[in-house]
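Below, chain A partners chain B and then partners chain C, in two separate complexes.
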Partner chain A sequence: MSIKVLSPGLLTSIQDLGRYGYQKYGVIVSGGMDTYALRLANLLVGNKEGEATLEMTLMGPSLLLEADLLLAITGGDLSPTINGESVPQGRPVLVRKGSVLKFGALKSGCRSYLAVRGGYDIPEVMGSKSTYLRAKIGGYQGRALLQGDILPVRCSSPLSLAESLEKTMGSRSFAFPSWYVGKSYVSETSQEYKVRVIPNSQFPLFSPDSRKQLFQQPFQVTTQSDRMGYRLSGASLQLTEPLEMVSEAVALGTIQVPPDGNPIILLADRQTVGGYPKIAQVAGADISTVAQIKPGSRIWFVEISLAEAERLYAAREADIQRITITVQSQLAGITT
Partner chain B sequence: MLTFDEIKEVIRMVEQSSIQHFELEQETSKIVISKAGVHRVQTDSRVSLEALQAVPTAAKGEQHLAEEIPDVQAEPLHTIVSPTVGTFYMASEPGADSFVKVGEEVECHTIVCVLEAMKLFNEVVAGVKGTIVERLVNDGDFIEYGQPLFLVKIES
Partner chain C sequence: MSESIKNEISDAKILPFGESAILIEFGKGIDPEIHSRVKVFTEDLDLNPLPAMIEYVSAFSSVTIFYNPMKVRKMQKDVPEEKSLLTFEIVAAMVREKLCKLERGADYTPRIVEIPVCYGEEFGPDLQYVAECNKLTVDEVIHIHSHGEYLVYMIGFAPGFPYLGGMSETIATPRRQSPRMSIPAGSVGIAGMQTGVYPIATPGGWQLIGNTPVELFRLQDNPPTLLQSGDRIRFYPISRKEYEEYKGGRS
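Then we have the complex of A and B:
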């Protein structure tokens, strides 16, 4: 079982939930940018939620499916089609061997995830299949996909749902059930997004004006944004007095401010330590939202407390638990 | 006075039997369940509309169910009932166009709404070819299993 890459898209790479436990040696975490969408995609095909998926950015690939496959697409809407026919997101889709899955124009979001039943059969490096692009390790030969690549897919026991889809399929090239899971993010037509943040340890060291500007003006995501971090432009954030910091640990969603005053949100491929003062921290529950914001869009930061951020995080995990239960029963053919 | 669960049990028994008309009087309560002579076309074997309406009627005590049912109409109406429990949504996501509007024509496979339960969205299809004449529930309402959602004028 395998998938052949006919065209690779802008930046398509294998990502799972990341490479943890090695930051002390300077190895970054990487992994999916929108881990909520990534987990949903896996759950929809009955994989473990942390299985490796294909992360597709802004412009997706064309893929030839060289076997009958059960797959799921989540996250940003890259107008996926199978043999030219539009295919829905957020649900398991059984596809016939020989079909071409093609991603087209970006309709909403920024990144889309493709999970296949069984997962991609590639070796783990330091406990993860994620591609660490800069160090060229993990994923598919340590790099983004290229034309002609052949992605092996691991065989897995057939699901009851796949068997019933098979029966209804007839001569069509794909079939899907009448249920789906909601989007992982709020699609905004205005190109403005609200992102909730907690003031960070060095927040009080910023000037009173900068502290206000952080929440009273939007910041634009610049084109110098990638999987490592989003460089923002807007108000120039300044410290009250110069600060020489010893580099310290940074986390997913840390907003650091270099001397030029333009904040950077650190994301999946963030470095392990940073020496710039940190003004705020994006709430864990909003990281997936940030991951779906494309360059040119604007972010309004909203201040919340640590307790509120924890509550939002717990609520999101509870949502995933609920989805897991309902999806698993649907896949097993247990209808409510 | 019968309890709600007892009423439900009675309805279930009548529903599964071949009895066409059933009346029960007890102290101040009266239940009338009638399966015959009703204008609404029920195309599936799920809990019938009459059975559902019998519950509030019985709770009120006196009222005869047959009075609540409008006169037989010339055009047959199909009731789209909920196949599951969940929250009713007219559109696939907030701000999107609703799946169908009153007055719109639908085919058998036209999606008329989604019902969300435990974060899973279930699509509901019209089941018949015709025209939507009425929406019986509102966006965001919590819907019970078998609850009527839309009335459709079946194309003759």
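Then we have the complex of A and C:
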């Protein structure tokens, strides 16, 4: 079983939930930018939530499915079609061998995820299948996909849902159930997004003006934004006085401020350590929102407490728990 | 370990870092004394990881622990909602307990790692410049660089890249005006008061003085790097012939 890459898209790479345990050796975490969408895609095809998926950015690939496959597409909407016919996101889709899955114009969000039942059959490197692009390790030969690549897919036991889709499919090239999940959080048309942040312990070192400006005006996501981080432009944020700082760890969602005053939100491919002052930390529950913001859009930061961030994190996990249980019963053919 | 350091370990500052990480500061700045506390703490973390810990990153004067907030929450699931602590407070209490225990006798013996370097030739295109800058001969630069003992304060920037302390001021040289597009793996360089070795090819502005045939990033090994935080390293000069033999012997 395999998938052939007819055209690779702008930046399509294998990503799972990341490579943990090696940051102390300078090995970055990598992994999906929008882990919420990534986890949903896997759940929808009955995989473990952390299985590797294809992460597609702004302009998606064109893929030839060389076997019957159960797949799911989540996250940003890159207008996916199968043999020219529009295919819905957020649900399992059974697709016939020989079909072409093609991604087109960007309708919402920024990144889309493609999971296949069984997962992509590629080796783990240091406990993860994620592509570490700069060090050229992990994923598919350590790089983004190219035309002609053949992605092997692991065989897996058929799900009860797939069997019933098979029966109703007839001569069509794909079939899907009427239910779906997780459509609501990727905004269709918005150019402005609210992102909740917790002030960092270095927040008080910034000037009173800068501390106000962080929350009182929007910041634009510039085109120099990638998987490593989003570079923002807006108010120039400055420290009250120069800070003698030595490098220390950074985290997913850390907002660091280099001397030019333009904040950077650190994301999946962030370095393990950094020497710039950190003004705030994006709440874990809003990282997926950030990952779907495309260059040119604007971010309004909203201050929340650590307690609130913890509550949002727990609520997000409870939400995924709930979806998992519902989806699993649907996949097993248990209807309520 | 002296009594004064013991006390300072438990005086470390514990700060929240988002809802999934905690920062432990053992002091400020680049100082071998402060770093020894970082190392004593992380050695203990290696042996007795905190519950719910995912991993940690140690730096010059701090350690950051990344944890799974949901696992921490589960640890206090019988506590009524109104009495429940912040997840951070639970982790902070565990860290504090660990720090207090460390007062009783923990210590660390640094590993010594020797790194062969072929200085000059095409490996060290800036060696002459470093010598001129410091009014030394090329041989004097090599002698000074290979007679120091360097402390690995932390690993970061790239897989296996050591942040070293301990270079003699007499060979300090500013970075290049314009960075090179690509510096080969194994390059040994100087940037200001720092010296270092590039584990993988990368762009960079360091003054290159030599190259080591030793691999610093070892994908197949665990740990995947030659060097770890807390190591002490020494460079020793090798000839071009020894360099080739080393490379040949490995492949």
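Going forward, the second predicted complex is superposed on the first by the 332 of 336 C-alpha atoms of A that agree within 3 Å, B and C clash if a C-alpha of one lies under 4 Å from a C-alpha of the other, contacts with A are read in each partner's own complex, and residues count from 1 in each chain.
We take it that contacts are C-beta pairs under 8 Å (C-beta built on N, C-alpha and C of every residue); 3 or more make two chains touch, one makes a residue touch a chain.
Computed from a prediction, not measured in an experiment: that's the story for all the values here.
Participant: When the two structures are superposed on chain A, do chain B and chain C clash or fit side by side?
Facilitator: In the superposition, chain B and chain C stay clear of each other.
Participant: Taking the C-alpha centre of chain A as the vertex, compute the angle to the C-alpha centres of chain B and chain C, in steps of 10 degrees.
Facilitator: Once the structures are overlaid on A, chain A sees chain B and chain C at 150 degrees.
Participant: Given the touch rule stated above, what does A:G182 touch, chain B (first), chain C (second), both, or neither?
Facilitator: The first partner, chain B, only.
Participant: Mind working out whether A:V327 is in touch with chain B, chain C, both or neither, as first, second, both or neither?
Facilitator: In the superposition, A:V327 touches chain B alone.
Participant: So which one touches more of the residues on chain A, chain B or chain C?
Facilitator: Touching more of chain A: C.
Participant: In the superposed arrangement, which partner chain does A:T272 touch: chain B (first), chain C (second), both, or neither?
Facilitator: second
Participant: Once superposed, minimum distance in angstrom between C-alpha atoms of chain B and those of chain C?
Facilitator: For chain B and chain C in the superposition, the minimum C-alpha gap reads 20 Å.
Participant: Between chain B and chain C, which residues of chain A are contacted by each of them?
Facilitator: Residues common to the chain A contacts of chain C and of chain B do not exist here, since the sets are disjoint.
Participant: Going by the contact rule set out above, which residues of chain B touch chain A in the complex?
Facilitator: Chain B reaches chain A through residues 84-85, 93, 95, 116-123, 125.
Participant: Which residues, counting only chain C, touch chain A once they are in their complex?
Facilitator: These residues of chain C touch chain A: 15-21, 23, 28-30, 42, 54-62, 64, 66, 69-70, 73, 86-88, 154-161, 163, 199-200, 217, 219, 223-225, 228-229.
Participant: If we count contacts the way the header does, which residues on chain A are in touch with chain B in the complex?
Facilitator: It is residues 90, 178-183, 187, 189, 319, 322-323, 325-327, 330, 336 of chain A that touch chain B.
Participant: Can you check the complex and tell me which residues of chain A touch chain C?
Facilitator: Counting only chain A, the residues touching chain C are 20-27, 125-126, 134-135, 137, 198, 200-201, 244, 246-249, 251-254, 271-273, 281-284, 306-307, 309-310, 313-314, 317.
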